[in-house]
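Given below, in the form of structure tokens, are the structures.
Both of the next two complexes hold chain A, though its partner changes from chain B to chain C.
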Partner chain A sequence: MTNRLSIGGQIDRTRIIDFTFDGQSMQGHPGDTIASALLANGQHLVARSIKYHRPRGILSAGLEEPSALVTVTDTSGRTPNLKVTEVPLRDGLQVTSQNNWPRLDRDAGALMQLFSGLLGPGFYYKTFMWPRKAWHKTYARIIRRAAGHGEADTSADPAQYDKRRKFCDVLVIGSGAAGLSAAITAAQAGATVILVEQDQALGGSALTSSDQLQGQPAPDWAVDAVAALRELSNVTVMANTLAFGQYDHEYVQAVETPQNNNATKAIFWKIRARRIILAAGAIERPFVFPGNDRPGVMLANAVRTYIRRFGVAPGASAVVAVADPQEREDTVAALRTAGIEVQGVLEDGETLLGTTGRLHLRTVSYRNKMGKRRRVVCDLLCVSAGWMPTAHLFAQKDQRLAFNAATQSLLPADAGGLKLMQPVGGARGVLDLSMCIEDGKAAAHQAMAELELHRHLDLPRPTPTSHTGTTFNSDQGKAFVDLQNDVTRRDIRQAQSEGYDNIELTKRYTTLGMGTDQGKTSWTNGLLEIAALTGKPAEAIGHTTYRPPYSPVSIGALVGADVGVEMTPVRRTPFHRSFEKLGCVFQTSGDWLYSRHFPQGAETMAQAIKRECRAVRNSLGCVDMSTLGKFDVQGPDALEFLSRLYCNNFATIKTGRLRYGLMLREDGIVFDDGTITRLGENHYLVTATTANTSSVWRHMQKLLQVDWPDMNVDLTDVTDHWATLAIAGPNARKLLAALSPDFKTDSDSFPFAAVREGTLEGALPVRIFSVSFSGELSFEIATPAGYAEALMERVMEQGAAWDITPYGLETLDVLRIEKGHLSVGTEIDGRRTPKDLGMGGMVSSKKDFIGRALLQRSALQAEGRGELVGLVPEDGTTPIPFAAHLSDAPLFEDNSGVSLGYLTASVHEPTLGHPIALAFLMNGSNRMNEILWAHSPVENRSVRVRVSPSCAYDPNGGRLHA
Partner chain B sequence: MHDVLRRTSATDADGYLTGPLGLRLDEEFIPLSAVHIPSSDLDELVPFGQRISGPQGIWLRLWPETLWVSGTPPQSQHSCVDISDAQTCMRLRGVEALHFLANYCTTDLHDAAVRSARVVRTQIGHYSAVLWWESTRDIHIVVARSLAQSFCDHMRSLALRHDPTNSTQNLRSVAPTAPNRRG
Partner chain C sequence: MLLIPCPHCGPRDESEFVYGGATRAQPALDGKTTVQDWQNALHQRTNPRGPIEELWFHSGGCETWITVTRDTLSHQFSDAP
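== the complex of A and B ==
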């Protein structure tokens, strides 16, 4: 560590950390960042610029770093484009430079500098215009390959991430003098406080200041303040935590990057606070002058930070070009403490002419006020043109910053009124640390008063620190305004001259302020350049929109633990474990993990479905119906409520019986279907389709709470309470009897569309509904979900006599298509009236119900609407292609054909012995037995089909009543 | 014949969660009913957002006109529906149980009103849940039965992500037993 000072710094010199840079072994100490460790090892050249491949070093010591982007590889993989100034040094890090070939100090891409005169803004769009097709195929690919910095790691990230929440009275963002002062004030008043700091060390600029604060050196004051905060149980101090976004209702998002091999690589915090104090400090502004991007040109504050905090000498001989006289003096003092020779100090009005040095600064040229040119040999140039408040979070939420001529910076506008986020200290342009303490205290008192935790003291707020007015002139030459995007002064001039003079257009045309640093060091300089070029006052130019994130956040942190199977919650039916034992293949259906089919041996899905269908049609099958929505409806007005809810009449329904019900939306379109079972005088159970369960529940709740609050009806969602297993097939009633219910099971005692409550074998509580979706004799046996496995066990045991076959969703679909039953999403598609679905006769004309009025609209009553029909192939064997369109002519040879309708469902090998399909066909009910074409442009196939009734299986329903 | 009727659990939660916090997650069965009572009457029994427990069992008032009852329901003309199997009750036990959950709840579990009520209806990650507790080390979590296994898997995954040795991850924004500093 050639440049490590022998004493000083806030690093742990007792421990050594090994890391590599471009394969070269280096060492650092705990407390270092990669930047400080590289500088300690004499590595000033760190990167190549994006466009011209110019050599770049480390400009800053914080998140504002525009140049020194690297790829960092650790045990969790490779992360590109990290700023060396923001990554704490850890053991074993492999740091790699980016955007160079074959190596950093001899980069072939640097030849681009020869053509820099041609590569101005809009170069690509002005140059690669012909031939037009080549843009996508050739030019864009080449440009994309040449552009960008690092390369993303495409392998799976093994690291763990998490998303968590916190709540507090006061959130303080930033732990400098203002932030610590605000946090202590708020905490001592009794507020719950969260203090977040993006750096690994708390204290902000106080850590490197030479000021005295409240009678002690600033770094000591900061350490004391942090210790005091850590003692308080109502304060949470979070280092390594970047607050990157502010949203409505005092909601801030932050990402914590725990150190020391924590179980979690990054934690995405959602913090909701009653008041937010933004104490994010200020960012130093560099000068724009020729050769200002050379490694060795550093912000003065960064130089002081490396010397005082990290014990690193960033050079051996230096020139100082700092606008503020006090800061200039402090910088010179820091340099001399570190043993760095000060070769020159620029005074107000002097002109920076340029720099030299191939890979590192070698000389600085400037002209003094007398006009005398001076060339100084040095390897470090400390620059500072002033400070810019870090008020980005403030500006993210509908707040504007306003250019202040006195401070020469964009300041948070004071619009008056209640401000839930208060910038303090450097974030509002107050630069003196003593004043920052006062400002933090005053803002915290204000917040306490607003939260009624403290009486209103109305303490005065310090005014923002004015700019000294000191400026250095700049000579002509390649001067970079935005180092990350290689945007020069000439580029900005060109944008203005070409008409891209709106600030948003200038940004997008030149890329000024884009990239991972989002213009933190360039934006104010860009603003001043535009003002100088156009003659407009900087106040009139404004700024572009600030958006989250303030600084880049890893996608892993945003995703948290929601990866793989945990991406979304999965609902399992009560029979899940039983089905697993039966070798079930599951599929997701909405949130549900539903049984799809039950293959035996090496069966394919198609073979399994065929076997399951035959079993149901010929003997006995069982299927899980637990996912259907089930709502308990009770109360004196329950019947009236349901009568208004469903369009069909069931006023005469008796206790112990059930009816099919069709529910319409207010616009007369079919919404859902299900059954209504009368369990008692004022007690009903209604079912909803699986897909619509939540919608129907919300609909019912809304009607009772908003539209008919006077109705005395109690609703309870019992969907998850009941496990329901349907037994279906000619032997279903025999199995029911074998299950030993405590009620009669013959067809007279327990007819179709009835319900019985009791027990099986005198113990297992059940509700059994004689209802069918398959078209076979069927009973849906419902039992409390905790007894699902007991029910399944009994059904399989007793059903073995009839070779009971469990079946899944695929078979269920085949059976219902044969029977012409409706399914949500295919037939009930949000556009159909009851008549379209062949259920016009069900609609009651004797009562009012939801949807009745609008169902009478002429468009819904018109002839020629698509109506549900069945289809069979004319030849009796050819499968009808899925999603085919119907036409009375051969395939649209000239693309002029007219579609008469389309298929909603098709099965190729049902138990009927021939393919069938369901379709919506214009005027379908009047087209029975017509021969049409079913065209599938997707399958490139057409089949002649005969129109038939939608119910292809047991149209008289005789099997249901067996 | 099946002599003994066994109620099976909805999840495989039965023991300690892997991870350094030493949390234990178990499923427990509690009989639960939804009792519907007009809010004007219910306000006199249990204020909204509160619970009472005693010889009658536990009454949770987290909806305007519905009371969840485990035990003896209040006398009422209104309906009482068994939802014991609609919900699954889990118990999360361990020194950091409440603080662990607080990281993932949309509601502030350390809020004075919640700390006092010791019951809350909230969202834990993607899961709607009702929590109640006598001790911050023993939390009852009620989730929909169909989601219970998925919820358990999620809890297991989250438990792995904590490291109590990391001082920057202060799980206690306010210790529940800490004196009220706002006075």
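== the complex of A and C ==
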């Protein structure tokens, strides 16, 4: 640690931390950042710039750093593009430089500088235009390799992340003088306070200030203030926590990166506050002059920070170019305490002309007041052109910043109205720390009065600190405005002259203000350059849109623990454990984990499906129907309610019977289908499809709560209360009898479309519906969810006589396609009328219902709409490709022709002995037996198909009544 | 994320709600309402810049359809605490 000062700094000198930079071993102390440790080890060259591969060092000491981006590898993997100034030093960190080959100090890419005269904005797009195809294959690849930052780690992230919430009266963002003062004021008034600080240390610029605050040196004042806050039980202090976004209704998102060897790498905090005090401070602005990007050119406050907070000398001999006379003096004082020789101090009227040095600053040239050019040998140039308020979070939420001529910066604009987020201190341009304390206190008092926690004290708010007007900028040579994106003054000029003069266009054309730093050090300089170039006042130019995140946040932190099986909650049906024992293969279906098929031995899925299908058609199968939505409807107006809700007629439905129901949306389009069962005089049970359960429920609730509040109907969602197992197949009635229900099961006593309630074996409570989705004789046996496994046991035991075969979603689908039953998402796709689905005849003309009026719209009644039909291959054997389009010729080979419709479902090996499909076909009901082509551009084949009715299996329904 | 004032549950995050659009008069189901009546009710919305009375379904809470007045410009609820 050659540049570590022998005394001073807020670091723990008793402990050594080992880390590496580009493989070289280095040491630091707890309290260091990677930046301060690199400087302590004499490492000034840290990076190569994105476009020209120019050598770059460390400009700043905070999140605003544009240049010193590195890749950091630790036990959880590799993280690219971190700013060395933002990462607290930890044991074992491997830091590597980016965008250079073969090595940082001898980078072949630096040859790019020879062409820098050509590489203005839009260069790539203007130059690599021909041949057109070469862009993708050649040019883009070469350019991407030559330019850029670090490489992402593509392996799985082993680190743990978490998401948490917090609520408070007052959220204070930033722990400098203004933030500490506001937090203490609010906390003493009894408010619950959260104080978040992005840095590992609390105190902000008070930690490095030479001011006296309330009779104490500023760093001592900060330490005491933090200690006082920690004493208070109504205050939460969070360091290493970056508040990166402000959203509606005082909602702030922050990410904490715990440094205490916590197993959690990052915590994503969602904080809802009643009032927010933004005390994020200000960012220093560099000068724009030739060679201003060389390692060794550093912001003056960063120099003071490295000396005073980290005990590091960032150079041996320095030139000072600081606009504010007081800060100039303070910088010289800091340099002297560190034993750094001060070779020159620029005064008003002098101009920075340029720098030299291959990998590190060697000389600085400037024009003095007499107009003479002076050249000074030094390795550190301390620059400060002024301060820019960190009001990003304020600006993110519909509030604007306005350029203020007195401060030469963008300040939060007063939009009027109740201000629930108040910028204080540096964030609104108040730079003097004593004034910041006053400002924080005044803003907190105002918030306390608004929250009625304190009587109103109308304390004056200090005015923002005026700028001296001093500048050392020179308008000649290659001067960088945006270091991260290699944007020069000339690039900005070119953008203006080419017409990209709107501020948002200038940004996108030149990349000024883009990248991981989002122009934190460059934006105001860019604005002033544009103003000077165009002659427009800076006030009239405005600023680009501020968006979260304020500084990059890792995706891992945002995702939290919601990865893998934890990604979404999983719903399991009551039969899940029973099915597991039967070797079921499950699949996700919405939230549900649903049975897919039940392979036996080494069976493939296709073999299992074939066996399951045959079992249901020839003997007996059982399938889980528990996921269907089930709603209990009771009350004197229940029948009238359901009559308005469904488009078909069931005024005559008798107790103990059920009907199919088709539900339309208000615009006449088919919404959902299900069954309506009359359980009693004023008692019904309706089902909804699995996918539509919550939307049907919401729809029913809205009708009863909002539109028809006078209806006397009680609705209860009983979806999870019932486990439902369908037994299906020619032997279903025999099994039902074998299960010993306490009611008659013959076809006269228990016909199709009926319900019976009772028990099995005198003990197992059941409600049994004779209803079928498979086309076979079928009974859906519902039992309270807790009895599911007992029911499954009985069914498997008694069903063994008929080789009962459990089946899953795949077989369910094959059987329903053969029968021409509808499925939500494929046939019920949000565009179909009942007539399109072959159910036009069901629509009642005797009543009014939801969707009746708009179903009459001419386009919905017109001829030539797609109508549901069945298809069979003309040769009886060739499977019909999935998602094929229909036409009267083998189409699309020359990209011509018109599609007459398309397939919604196709089964290659059904039980019918030939492949079948369902399709929407233009005017389909009038095309029976026509021969068409089903063409798949995906499979690149066409099959001749015959149009047939959508119900291919047992069209008269005789099997249902057996 | 909006903080929506539920009269039963208090102020709750927007993610607990499903939006129901602006309130509107529901045409009667008396067999007489015309296509035009429903077209107007369903599709002809004022979409104002300013206060709007609207419906939210508190699906992650009390399952009530609540009616609130929200300023579409500032997102402030006029009846918010």
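The definition used in the following text is that the second predicted complex is superposed on the first by the 894 of 962 C-alpha atoms of A that agree within 3 Å, B and C clash if a C-alpha of one lies under 4 Å from a C-alpha of the other, contacts with A are read in each partner's own complex, and residues count from 1 in each chain.
The rule is simple: a contact is a pair of C-beta atoms (placed from the backbone, for glycine too) under 8 Å apart; a residue touches a chain by one contact, two chains touch by 3 or more.
In this text, all values refer to a predicted model and were calculated from it rather than measured experimentally.
Of the two partner chains placed around the shared chain by superposition, chain B is the only one that A:160 touches, whereas chain C remains out of contact.
Touched residues of chain A, counted separately for chain B and chain C, are more numerous for B.
When the two complexes are overlaid on their common chain A, residue A:849 makes contact with chain C while staying clear of chain B.
Contact with neither chain B nor chain C is seen for A:212 once the two complexes are overlaid on the shared chain.
Of the two partner chains, chain B is the only one that A:234 touches; chain C does not reach it. Shared-chain residue A:249: touches chain C; no touch with chain B.
In the superposition on chain A, contact of A:861 is made with neither chain B nor chain C.
Applying the stated contact rule after C-alpha superposition, one finds that A:877 touches neither chain B nor chain C.
Contacts of A:718 after superposition on the shared chain: chain B is touched, whereas chain C is not.
Within chain A, the residues touching chain B in one complex and chain C in the other are 272.
Listing the residues of chain A that touch chain C in their complex gives 247-251, 272, 398, 417, 644, 666-667, 694, 698, 701-702, 705-708, 847-850, 852-854, 856-857.
Against chain A, in their complex, chain C makes its touches with residues 1-3, 13, 18, 20, 23, 26-27, 29-31, 33-35, 37-39, 42, 55, 57, 59, 63-65, 67, 74-75. Chain A meets chain B in the complex at residues 160-168, 190-192, 194, 233-234, 236-241, 256, 258-260, 262-264, 267, 272, 453, 561-562, 565-566, 568-574, 576-577, 592, 632, 634-635, 683, 714, 716-723, 761, 763-764, 784-790, 793-794. Those residues of chain B that touch chain A in the complex are listed here as 1-2, 5-10, 19-20, 29, 34, 36, 66, 78-79, 81-87, 102-106, 108, 110-111, 125-127, 144-147, 149-151, 153-154, 157-158, 160-163, 166, 168-170, 172-175, 178, 180-183.
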